[in-house]
Amino acid sequence: MLSAAALALLLTVALALARAALGPSVFDRLQAASTIGTCAMLLLALLGFLDERPEFLDLALTYGLLNVIGVIAVLKFFHLGRIANKSHENAEDA
Amino acid sequence: MLIDILSGIFLAGGAFFCLVGGIGLIRMPDFYTRMHAASVTETLGAGLMLVGMMLHAGLTLVTAKLILIGLLIFLASPASSHALAKSALMSGLKPLLGATPSDDEVPPSKP
Amino acid sequence: MKNDLVLRVLGRLMIPAILLFALYVQFHGDFGPGGGFQAGVIAAAGIIFYALIHGVAATRRLVPDGVVETMVASGVLIYAGVGLAGLLLGGHYLDYSVLSHDPVHGQHRGIFWVEVGVATTVCGVMLKIFYMFASRGNSED
Amino acid sequence: MAISVVAIVVTRNLFSVIVLSGAYSFLMATVLVALDAVDVAMTEAAVGAGVSTVLLLGALHLCKSEEAKPVHKPWLPLAVSVSTGALLIYGAWGLPDFGDPDAPIHQNVVPRYMENEVDVPNVVTAVLASFRGYDTLGETTVVFTAGAGVIALLRRRKKGPEKTREKA
Amino acid sequence: MIRSLVSAVALFSFWLLLSGMFVPFLLAAGFGCAIAIKLFSKRLSAIAEESDVLELNWGKFIVYCPWLVEEIIVAAWDVSKRILSPRLPISPALVEFVPSQKTDVGLVIHANSITLTPGTISVEAEHGRFLVHALTEGGAKSLAGSEMDRRCAELEEV
Amino acid sequence: MLAHFTNIITVFLMVAGLYIIIARGNLIKKLIGLSLFQTSVYLLYITPGKLIGGTAPIISPQYSVYSNPLPHVLILTAIVVGVATLALGLALAVRIREAYGSIEEDEILDRDHSVEADEAKGAH
């Protein structure tokens, strides 16, 4: 059952990857990336159980923490970057 | 034995909801609706899988760590999807509304 | 984004947890995955998370530049100092066996301090680089 | 994973590229876990998804986020890359099989490392800090130097940028 | 004082859960780390000009969690059916309404609960104004003055 | 074929990184290509260390077969150095952007050419 669940997770990752590759806007890709992060986290926990080494859960925790930080960082800088670029371009035009 | 079967059922359920979320991520027409699909994966899919693994592990520290992971998901994923939706709206990405979209429902998007 | 309610409350709950997790990774590097480098990166990520929520200026007040620069340098010094301590106690450079009466215990002690050094440097450098990039952009606007 | 790599190659909006490379490094870390490299996976996840994403974004918001259209025809680089790849694959047939316990890599110093004379359960930590202490000291110094280099490059001097811009 | 003691104890138990090793050295390290981080987080809050403690009616919160889980399951099943049905019967809607919570924590719990329930996502959450995107118009209409709203408001009564 | 599958993937990643580095003019994109190339090197080192049936090299009494820890150590160092170089490269890119107003290789070269032409004119 564990390996079946792992397979399903891999499929989900593949679907999310397709969305990340297709995604028209940055936000679509970001959503897909965060789904991939969640799936990777679950996959890790499952791998730990398949190998019977539950120490891997630490890794899963790391993934979870960093996933959030990554998403919020991209959002934050997306706004900053747009503003910075606009003001810069205007300055160069003038 | 009973616990094995139960954990198998939970894992299968989790896998099913994850897959559904993935399919929804592909099928849905616009960004905001895709977020709903993704939230299926991140809440029920992940939650059921974690419960399945907890049953598999029994009452040990592994279970405690799994609970921590679950708490992390349930705290962090709504916050990040909230931030995602908010900044998508702020950047002017208009949501698709209704079967017959009516313009008065579109909120004024703030810069 | 700066005054987002949800993110602020999340940060209040999560940042102490992230920092504690970093320290856990640091101290348990001997027993499971982890070690100084990972701990440094995670701690830096936690503080960067604070910067993302409350702005770089507040973070600079939280962890001032002087502290960060001291961290950068002192990490390398700790590492080199461990080697030197081995030298002074009659062993080779970076030979930890002489750090305690019992060679195995000495090795433990040496590895621990070396990891502390790595974590300090890595955390400091990551934060410093982040400050450099972020502050440069802000004052240019 | 291959899909995300292709997407990284093709996509021109640099924000999207950074998002994709974050996802790529999560997948990479998962592959590393499957290959039993737990410590490396943890580092890769922390670095790829956390720090280097933030650094790339930080650099990006000082620069333009859209890549220019390529002016050259991509055939020459493509040919060079593909022929390199073909050569490497040809060379790879000579390597030992995957997971072969008799490969030379498992014969030399590793048995001594695995004897665990340091009495630290995580062998990677033991080797990193004890047997190969010099390497790690060098690594720490490199990180220190890189930090110093970034400080030197990005320190704000009064009127520095304007002057160079006028000259250009 | 008692509150900061409680949160230090919470941090220490977090450490114990992570570690699972009861060697004296590690216990001492955990104790030290918990105290250090408690002090550091005081500094965090001081610089962000926030109160350090979270006021919450914990008794009601424990009752609230299972109810939320039940809501999530029902909603997720509904959304899954919509995703899998070939006609894709969705009618997305944006609604704005006034939440009845007063404190930060109550508002955040309400907003997060809305987002956690598949089919609804809180887009903007401020004092006195929520903007919610819903997958169906029915789901959007039932939000204002809902049971979730009432229960979250109850959580604030300390 | 299957025995060399991992090698083929490694080579594919390496080629993709190489292609980005030589075909794209954008400096930041080049740096991303460089880190892609680096990950392929990580994979190249880690894959031979794996033993079928082995587990992660964290010694515990239940297991007897472990994968080879040596490549892990080397790659750990490589990742750290990789981040350091990435940061340094990005700092350089930012400086170049400030000096030239662009991070596209072609535009930078064009500008250099025009400056040289101007100087030549001034000398005559």
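Order as written gives the chain letters A, B, C, D, E and F; numbering starts at 1 within each chain.
We adopt the following convention: a contact is a pair of C-beta atoms (placed from the backbone, for glycine too) under 8 Å apart; a residue touches a chain by one contact, two chains touch by 3 or more.
Because the structure is a prediction, the values reported are computed rather than measured.
Student: Enumerate, in label order, the chains that touch chain A and chain B alike.
Tutor: C
Student: Just to be sure I understand: going only through chains that touch, what's the smallest number of steps from chain C to chain D?
Tutor: The least step count works out to 1.
Student: Using C-alpha centres only, name the chain that sits farthest from chain F.
Tutor: If we average the C-alpha coordinates per chain, E ends up farthest from chain F.
Student: Using C-alpha centres only, name the chain that sits farthest from chain C.
Tutor: The most distant chain relative to chain C turns out to be B.
Student: So which chain ends up closest to the centre of the protein, judged by Cα positions averaged per chain?
Tutor: Ranked by how close its C-alpha centre lies to the overall one, first comes A.
Student: What is the distance, in whole Å, between the centres of chain A and chain D, each centre taken as the mean of its C-alpha atoms?
Tutor: 18
Student: Nearest whole angstrom, what separates the Cα centre of chain A from the Cα centre of chain F?
Tutor: A distance of 21 Å separates the two centres.
Student: In whole angstrom, how far does the Cα centroid of chain A sit from the Cα centroid of chain C?
Tutor: Here chain A and chain C have centroids separated by 25 Å.
Student: Among all residues of chain F, which ones touch two or more of the remaining chains?
Tutor: Expected reply: 55-56, 58, 76, 80, 84, 87, 90-91, 94, 101.
Student: For chain D, jot down the residues that touch at least 2 other chains.
Tutor: Each of 6, 18, 38-39, 41-43, 46-47, 50-51, 54-55, 58-62, 64, 121-122, 124, 128, 136, 139, 143, 146-147, 150, 154 in chain D touches at least two other chains.
Student: Out of chain B, which residues touch more than one other chain, so two or more?
Tutor: 21, 23, 35, 65, 68, 75-79, 81-83, 86-87
Student: Pairs of chains that touch, anyone?
Tutor: Touching chain pairs, listed by label, are A-B, A-C, A-D, A-F, B-C, B-E, C-D, C-E, C-F, D-F.
Student: In the complex of these two chains, what residues of chain D are touching chain A?
Tutor: Touching chain A from chain D are residues 3-4, 6-7, 13, 15-16, 18-20, 22-23, 26-27, 29-30, 33-34, 38, 41-42, 45-46, 49-50, 53-54, 57-58, 60-62, 64-65.
Student: Going by the contact rule at the top, pick out the chain F residues touching chain D in the complex.
Tutor: Within the complex, chain F contacts chain D at residues 2-16, 18-20, 22-26, 28-29, 31-32, 35-36, 39, 42-43, 46-52, 54-60, 66-77, 79-88, 90-95, 97-104, 106-107, 111, 115.
Student: Would you mind writing out the residues of chain B in touch with chain A in their complex?
Tutor: The contact residues of chain B facing chain A are 7-8, 11-12, 14-16, 18-19, 21-23, 25-26, 31, 34-35, 38, 41-42, 45-46, 49-50, 52-53, 56-57, 62, 65-66, 68-69, 72-73, 76-77, 79-81, 83-84, 87-88, 90-91, 93.
Student: Which bits of chain C are touching chain D when the two form their complex?
Tutor: 25, 29-35, 37-38, 41-42, 44-45, 48, 72-73, 75-76, 79-80, 83, 94, 96, 104, 107-108, 110-111, 114-115, 117-118, 121-122, 124-126, 128-130, 132-134, 136-137, 139-140
Student: Tell me, which parts of chain C touch chain E in their complex?
Tutor: The contact residues of chain C facing chain E are 5-6, 8-10, 12-13, 15-17, 19-21, 23-24, 27-28, 31, 50, 54, 58, 61-62.
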